[in-house]
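Read from first to last, the chains carry the letters A, B, C and D; within each, the first residue is number 1.
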Amino acid sequence: MEIGFLGLGNMGLPMARNLLKAGHAVTVYNRTPAKAEELHRDGGARVARTPAEAAAPVAVTMLADDAAVEAVVFGENGLLAALPKGAIHVSMSTISVALSRRLASAHAAAGQRYVAAPVFGRPDAAAAGKLFVVAAGAADALATCRPVFDAVGQKTFEPGDDPAAANVVKLSGNFLIAAAIESMGEAFALARKSGIDPRQYLDILTGTLFGAPVYRNYGGMIAEERYAPPGFKLPLGLKDVRLVLAAGDAAGVPMPVASLLHDRFLAGIGRGYGDLDWSALGKIAANDSGL
Amino acid sequence: MEIGFLGLGNMGLPMARNLLKAGHAVTVYNRTPAKAEELHRDGGARVARTPAEAAAPVAVTMLADDAAVEAVVFGENGLLAALPKGAIHVSMSTISVALSRRLASAHAAAGQRYVAAPVFGRPDAAAAGKLFVVAAGAADALATCRPVFDAVGQKTFEPGDDPAAANVVKLSGNFLIAAAIESMGEAFALARKSGIDPRQYLDILTGTLFGAPVYRNYGGMIAEERYAPPGFKLPLGLKDVRLVLAAGDAAGVPMPVASLLHDRFLAGIGRGYGDLDWSALGKIAANDSGL
Amino acid sequence: MEIGFLGLGNMGLPMARNLLKAGHAVTVYNRTPAKAEELHRDGGARVARTPAEAAAPVAVTMLADDAAVEAVVFGENGLLAALPKGAIHVSMSTISVALSRRLASAHAAAGQRYVAAPVFGRPDAAAAGKLFVVAAGAADALATCRPVFDAVGQKTFEPGDDPAAANVVKLSGNFLIAAAIESMGEAFALARKSGIDPRQYLDILTGTLFGAPVYRNYGGMIAEERYAPPGFKLPLGLKDVRLVLAAGDAAGVPMPVASLLHDRFLAGIGRGYGDLDWSALGKIAANDSGL
Amino acid sequence: MEIGFLGLGNMGLPMARNLLKAGHAVTVYNRTPAKAEELHRDGGARVARTPAEAAAPVAVTMLADDAAVEAVVFGENGLLAALPKGAIHVSMSTISVALSRRLASAHAAAGQRYVAAPVFGRPDAAAAGKLFVVAAGAADALATCRPVFDAVGQKTFEPGDDPAAANVVKLSGNFLIAAAIESMGEAFALARKSGIDPRQYLDILTGTLFGAPVYRNYGGMIAEERYAPPGFKLPLGLKDVRLVLAAGDAAGVPMPVASLLHDRFLAGIGRGYGDLDWSALGKIAANDSGL
């Protein structure tokens, strides 16, 4: 399959590599070309010098945020103008619901198709082709894209034909992770102030009701106060909680836990934790407890 | 082993039955005697007419709340006056950290021993002997009690020699459950307002990052808006969040998510949901979203 | 003085009328022309059919929200293209800090000047020329605009040369009002549930520490549960708290009370109070208390 | 009038002095006797060595907290046992609604009368006899006490015959003050980060909508970051917000702003601000904003 792939960051690079491994003909674009060259040497990718040059029947974007996606799609030499009629833009970045709706409209107006397919998983899962993909859009477009999803993920969920649904799932999933982190931060502060060994406390939690990886991984970081090096930086957590709050606001859904998270992430930056992992919510809880 | 068992409610009755099955000589006390009589007929329990008559080398209390434990221990014909020196009071109820500390002092002053051993699990787990026990107290006392824990639970965790630590673990565990419920309530409201099928949404959550039973069970109730019959009534959730807030307050630990839960549970009662399951936090979120 | 005045809503109409009374030559623009015609017949205003026709050495905008200001300034036949070099755009609407900054840049780039001058006060204060004006911008521009401020307000505050400062003052002022309303809503619910007559409760509050009009007026509405007809609709309160949260977010300032207000206003809409006064925050507090 | 006065702290001492000045025969009790001796020398007070010795037809308590009042009333040589039938206990301390109800019952059972009469005002207002008194209880008891209230206060409010109503008014009043402080703390942080001079910002607030002393005084402390020496220490704010939350909880009233204040005060102590004025809520807001 001919695939354009735009965005070779921590997530995009291993995803593109997996597409190449699966035998697809991939044209890659990255703002700074070094990584694209690497994929050319290593994996035989064709290198595009502009987003437009990465136009293909299926063009995947995997970028940092709304602004980056807007630049690549609507900007100079952008995808929107370059994609042929009937081509599919597969947006796999974590972007706002509002931008996803705007992309859906713009591509439809241009006779193109649009699929939102954000992913759950960290760079190591991306490297292993073990991401979870949440893909929404027209059924025929989803069918066309399935080889892409199979190459990068272990499982694909399809919540319907409205692309924005996939973004809601992704953002609300990240919200649930952050809520679990914050709750654990408070619980660990209480445990520590009560003289309980945090590692043992974690063992009890994960050995009883909270066996999910989210509790195990982030609980481990909080128990050991191991907030650096960051796997996902605190300001990225702020970004995502902003997006879920915006989605809630637009849909008329008050989300008080998300509001609380927003203020905690902001306070984390104010206190100088901007370079730590987003699990440093646990550090805020500890500090406020005099730990 | 000779065991006194006080409190034959939804949890206590199956627990006492498992102790009898394991071959222990159990004397049971219940405020209303019918259930005690039942255990006498069924299982050969001796029936005590007062708490004092249930005094034994190991006396287990499994009661509804602080007031019930205080009545049975400190009240007329209470355990405290009746227990022999060296006997162990095993408090398995979900009670406040403050009362647990008070019990520890009172029993020590009377030459008795005290173990706090609250449990995780619902009545069905109690019936199956599959509870998780969190037991804290002096090492020798814990060793003596182990056959009790083995008869009622699948696993015992021992967070140390300060009995209050076990209560902190139990209360903070319930807090984490409630926090997960509230967060899911908000997320499901957003999903529903975004046109996503809630059952499919649940499948995605539990199929990716949130496979733990807490998410599966409570998520299912929220997805299906199945808040009755209650497994654990909303006012009991309020009671437990009060206890964790009190523990946090006493330990100097601000717990903003717990504060939010407190206000949501209170509002749930104000809106008439007092007979629903505590997962009806999801109903509050839905109502506030116009669903 | 030659003045363009754009926006003849509840606030703009009496303000424009006061400018006419003060002897200024006013050209008025309104999206729906009926009110402009009225000011022509009544007060001798010149009527503009497009925003551009209202261009003048001093052009005042007094519109509903960011979108309306953007349309009038940046849209077809907009002010930006029509204002002569050196002319001053005086933005008196309650708009976002971000839009105010964008206007400042755009006008500067066009060789024009920009003053932000939002006001405190309701339509009756506007009619009486008793608004409070908060004006920020370059000193010479402010000096030129003073006759405008004197005609519409009882007092002008000038927090500096950065126009956005005036918007921050306005938005944070509205936030403080909303915070006082919410706090009173909670306090009145407690008073009522404690058997205290709410009118007497209000007398005590305003007779001791809370004599300010904000407490008197909104307290009166809450005490009497008089939420209709609305003076300032609940969704407008939501709009303004969104703007203050956006300002806080951009400035790195967590505002937990504002976050709480945001969720309460949203919930108010979800519960069907969208046509009530924003003091209906008191109705939410009452309902959640079972009143 | 013969008056017993128990508690000669920052508030009680000037209040007792004013009673002496008004010509009443006052017997004073204080746990540490030095201040009582002072009032004996200065003002002719009779000195009681135990609470019982201060029993009189009207006995006023003005103590630090629930524990102090309980000790003086229910403890050894306490007021309850010593007061003659028909005597009135006037509780002017800031105590819990629950304790006030318990005092009402206990005094009624002993054939005595009980009036709750907490006050608004700081030590300087107490010295000037300018307190506001909120007095509730049986009409005849209130009538008897009026000379006491007139001697210490500028005005007395009487919200009814249920003594607890007076405590609700006092506690909710302090809650409203704390809510105004917190809101201002957030608003000032935003103003400062937006480059606005905080003193000028305060002038605008108090010159427009927020002329009440609460805004002027606490706003001034926040604007100048003048949190020491404390007028009312942060842990006392925590104490009072705990009491209002307890009152709300018992009455079924969720108070989310009070919950937020509780967590902020706790965090203030955790961050080491326990010796600062409770307006140091503004310091928390500033720190979380990176100021």
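Assume a residue touches a chain if its C-beta (ideal position, glycine included) is under 8 Å from a C-beta of that chain, and two chains touch if they have at least 3 such contacts.
The model shown is predicted, which means the values in this text are computed figures rather than measured ones.
Averaging Cα atoms per chain gives one point for each, and the point farthest from that of subunit A is the centre of D.
Chain pairs A-B and B-C differ in how many C-beta pairs are in contact, and the one with more is A-B.
Inter-chain spacing, taken between the CA centroids of subunit A and subunit C, is 38 Å.
Averaged Cα coordinates give subunit A a centre that lies 38 Å from the centre of subunit B.
Separation between the centroids of subunit B and subunit C, computed from CA atoms only, is 52 Å.
For subunit C, residues that reach two or more other chains under the stated contact definition are 248, 252-256, 260, 263-264, 266-267, 269-270, 288-290.
In terms of inter-chain touching, the protein chains here all touch one another pairwise. Subunit C meets subunit A in the complex at residues 242, 248-249, 252-256, 259-260, 262-264, 266-267, 269-270. Taken in their complex, subunit C has these residues touching subunit D: 97, 120, 132, 134, 155, 157, 159-160, 162, 164-165, 168-169, 172-173, 175-177, 179-180, 182-184, 186-187, 189-191, 193-197, 200-201, 203-205, 207-215, 244, 247-248, 251-258, 260, 264, 285, 288-290.
The touching residues of subunit C, counted against subunit B in their complex, run 263, 266-267, 269-272, 287-291.
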